[in-house]
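Each remark here refers to the structure printed beneath this line.
Per-chain residue numbering starts at 1, and chain names A, B, C, D, E and F are given in the order in which the chains are listed.
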Amino acid sequence: MNIIDVVLLAMMVITALAVVRMRNLFAAVMLLGIFSLLSASLYALLDAVDVAFTEAAVGAGISTVLMLGTLALTGEREKKPHRPAWLPLVVVVVTGAALLYGTFDMPLYGDPNDPIHKHVADRYIERSGQEVGTPNIVTSVLASYRGFDTLGEVTVIFTAGVGVLALLGRGALSRRRRLNKEDDR
Amino acid sequence: MLRSLSLGAVLFATWLLLSGFYDDPLLLGLGVVSTVLVVYIAHRMDVIDHEGHPVQLSFGGVMYWPWLLWEIVKSNIGVAKVILSPSMPATPVFFKIKSSQKTDLGRTIYANSITLTPGTITVAIDGEDFLIHALTREGAKGVMSGKMDRKVSRLEAPSETPA
Amino acid sequence: MEINFLGHYNYWVVIFLMMTGFYVVIARPNLVKKLIGLNIFQISVFLLYISMGKVDGGSAPILAEGIKIFSNPLPHVLILTAIVVGVATTALGLALVVRIKEAYGTIEDDEIQAMEEEMEP
Amino acid sequence: MKRKPVLRVSTKLLTPFILLFALYVQFHGDYGPGGGFQAGVIFASAFILYSLVFGLETAQRVLPAAIRRILLGSGVLIYAGTGIASILMGGNFLNYSVLAHDPLSGQHLGIMLIEFGVGTTVFAAMVIIFFTFAGQYRRGGPDGN
Amino acid sequence: MTTTLLDVISWAFLLIGGASVIIGTLGILRLPDVYTRMHAASITDTLGAGMIVAGLAIQGGFSLVSAKLFLIFVFLLFTSPVSTHALAKAALTAGVTPAGTDRKSGKGAEAP
Amino acid sequence: MFGAVAAALLVAMGMAIIRALKGPTVFDRILSVNTFGTKTVLLIAVIGFLQKRPDFLDIALVYALINFITTIAVLKFFEFSHLGTPIGEEEAEDL
């Protein structure tokens, strides 16, 4: 099982590096699709079936389609950057090193005695069967124990929908046309 | 109307196949509600017609599908041979054929059957002319022999509704 | 300090991926490319959470007969909503990119900055 | 519309099953993986497929703007309304145990309602976002590919 | 006894499936142009997927699992030719020239 | 035995990534993403069996579905440069 895990991670690294190198944005979006498919396989392998399900529906589908819709409007070639790239590289390496140093204090991967598993999660696993009564613990945590949280998330999605409408919707379109005409004059 | 009903029946059967809860009245009720909702949306989308819900083909299909599956297996072996042999004896070829189907549904079935068998792809359809790409000459000959064409036409024939 | 090399490999790869996304965000002037980088970053953060929730010998957190050890469901819940929120915010970002393209005619941030500086001397 | 028979016929065949599958995911979130978030997205992708093949105008006729916007808001309202209902029935905000005669079926009912709210909002948001992006037209000439 | 027999059959299916997936992808790597590569891709979609699904379904027994596997297979069988066809059409419209094509039956079969 | 199939699928996925990286045309990339999707569907089904909980095949089903829609969207983007028009109307000449 661990081998599948390692191979999938290796393929993700290759894909991510290729995305960095690709000048053609269309190819980058296609590779991002592959990246998302790989991550979803990994979620399924790490027992997060619900997350894999969501990533399947969202990451591979909708976000690729939306990216393409944008590329259709903005053009698909990336210009060659002409400012020196060493400063970002230094920033990234330093940040990465700090984070790597941080992992040494983390509990081992997959250890059942990690602190993260010892507090509230145990209670969810043991009691949700009697308290909420749905077999899927993720659903009962999502909808019942942490229902308030999810209400917030739904509001965020609602707001995003309204925001896109406000930026690009039909009302916004006529306003933009008017503005453009004023610019021309 | 009859088509809506039969689409509803098929959808509800699919629901039962997916769900696996046959003794829960709530889920069965939700299944009925979902089926009705989907049939309503499908009606609004105007996808329930002789193309969108081809009940008329269900009897002929029983004979056609196994034959097609066997054809697929045979052509798979052919293509695998081409790929595995070191010299790759691929002789790709474009050619046109005429199909004998009367309706778009029949043409779709035929085109998809051609594409589904590895070694041949329907590239474009213009009326009854198909443009086909084949990996090898043998594959091209297989399509040009017209056996599949006749089978699909026979599958389509009993339902000859004026399109 | 005892370092268990194999015990953290998952986190290390995730941090590498995260930094790749981060690099794209800060080093590339193209706004769509920045959003792609942001997406890579996002997915790596998701992976970090999910890896933390994994329990050896555990199973998917859906109750069933005869299964005793489950992986931690809490990260799954957090990430599940985060994915959908993530795509909604990405969509908002893309909408902004489209507007920027309309207003400035380009989506390279250095060109946009140059234009801004021209306008306000 | 007479051209491209393959895509047209296949879409007609598939769309109802995609919609049904989305509803199955919506209502079986308690028992297996799935729930409102995923179902909303799948339901929306059926509409996305439809509008890709039959055109944006047709899809917008099937799902007019007013309905889209009402759905977008009503999902959040269903969610919050379930919370308010549980206050009115004498419990805390979003504590579903009081919604029915015994706590377990109350929880079940509450979860089903809020998942439905989630699904509605996610569906409407995704469809609105897609339709808005697809409705934009390229201003300048084609960049070529 | 029957279980061992079924196991052997399902293993054979799985092995054939895995092998044909690899062969198909090898074809995607080796063959010279888009059109020929599509033929190789459809090996994965038909024989590879079919055999793996059949092998898994035998392991799953007569249950909901097998039903869902069957649905997956039917779905792949419906969608894969449609996307292949659309891809070939798009490539032809965009003017991707096929490698080493000899124009047989020459009734104006050239790419526009 | 499931492990062997998973290994075969992983090898095939690696080869598909190589094709996606090499191109050369965009259609090669689309093809490899599409076939990558099919392999993911199969891999997830196999992973379910590997973990002895094969009742989560819905995920694989969703993949098959979304993969199809993405491919259609990508191709539409390439043929018409935007997503709004119905298929079959903007073509001056078919075939």
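For the reader, a short list of remarks on this structure follows.
Following the convention adopted for this analysis, a contact is a pair of C-beta atoms (placed from the backbone, for glycine too) under 8 Å apart; a residue touches a chain by one contact, two chains touch by 3 or more.
Given the structure is predicted, the values throughout are model-derived calculations rather than measurements.
Minimum number of contact steps separating chain D from chain E: 1. Remark: the per-chain Cα centre closest to the mean position of all protein Cα atoms belongs to F. Among the remaining chains, E is positioned farthest from chain D, on the basis of C-alpha centroids. Of all chain pairs, the one linked by the most C-beta contacts is A-C. One inter-chain figure worth recording: chain C and chain E are separated by 33 Å, centre to centre, where each centre is the mean of the chain's CA atoms. Chain D and chain F, compared by their mean Cα positions, are separated by 24 Å. Computed from the mean C-alpha positions, the centre of chain A lies at a distance of 19 Å from the centre of chain F. For chain D, residues touching at least two other chains, in rising order: 2-4, 6-8, 10, 13-14, 21, 25, 31-34, 37-38, 41-42, 45, 48, 54, 122, 125, 129, 132-136, 138, 145. Multi-chain contact residues, meaning those touching two or more other chains, occur in chain A at positions 26, 47, 49-50, 52-54, 57-58, 61-62, 65-66, 69-73, 75, 135-136, 138, 142, 150, 157, 160-161, 164, 168.
Shown for chain C are the residues that touch two or more other chains, namely 59-60, 62, 64, 80-81, 83-84, 88, 91, 94-95, 98, 102. Against chain C, in their complex, chain F makes its touches with residues 51-53, 56.
Residues 11, 14-15, 17-19, 21-22, 24-26, 28-29, 34, 37-38, 41, 44-45, 48-49, 52-53, 55-56, 59-60, 64-65, 68-69, 71-72, 75-76, 79-80, 82-83, 86-87, 89-91, 93-94, 96, 112 of chain E touch chain F in their complex. Within the complex formed with chain C, the chain A residues making contact are 5-6, 9-10, 12-13, 16-17, 19-20, 25, 28-29, 32, 35-36, 39, 42-43, 46-51, 54-55, 58-59, 62-63, 66-67, 69-71, 73-75, 78-79, 81-83, 85, 88-89, 91-93, 95-96, 99-100, 103-104, 106, 108-112, 114, 116-117, 120-121, 124-125, 128-129, 135-138, 141-142, 146, 149-150, 153, 156-157, 160-161, 163-164, 167-168, 176. Residues 60, 62, 80-81, 83-84, 88, 91, 94-95, 98, 102 of chain C are the ones that touch chain D when the two sit in their complex. Here chain A touches chain F in the complex through residues 1, 3-4, 7-8, 11, 14-15, 18, 26-27, 30-31, 33-34, 37-38, 40-41, 44-45, 47, 49, 52-53, 56-57, 60-61, 64-65, 68-69, 71-73, going by the rule given at the top.
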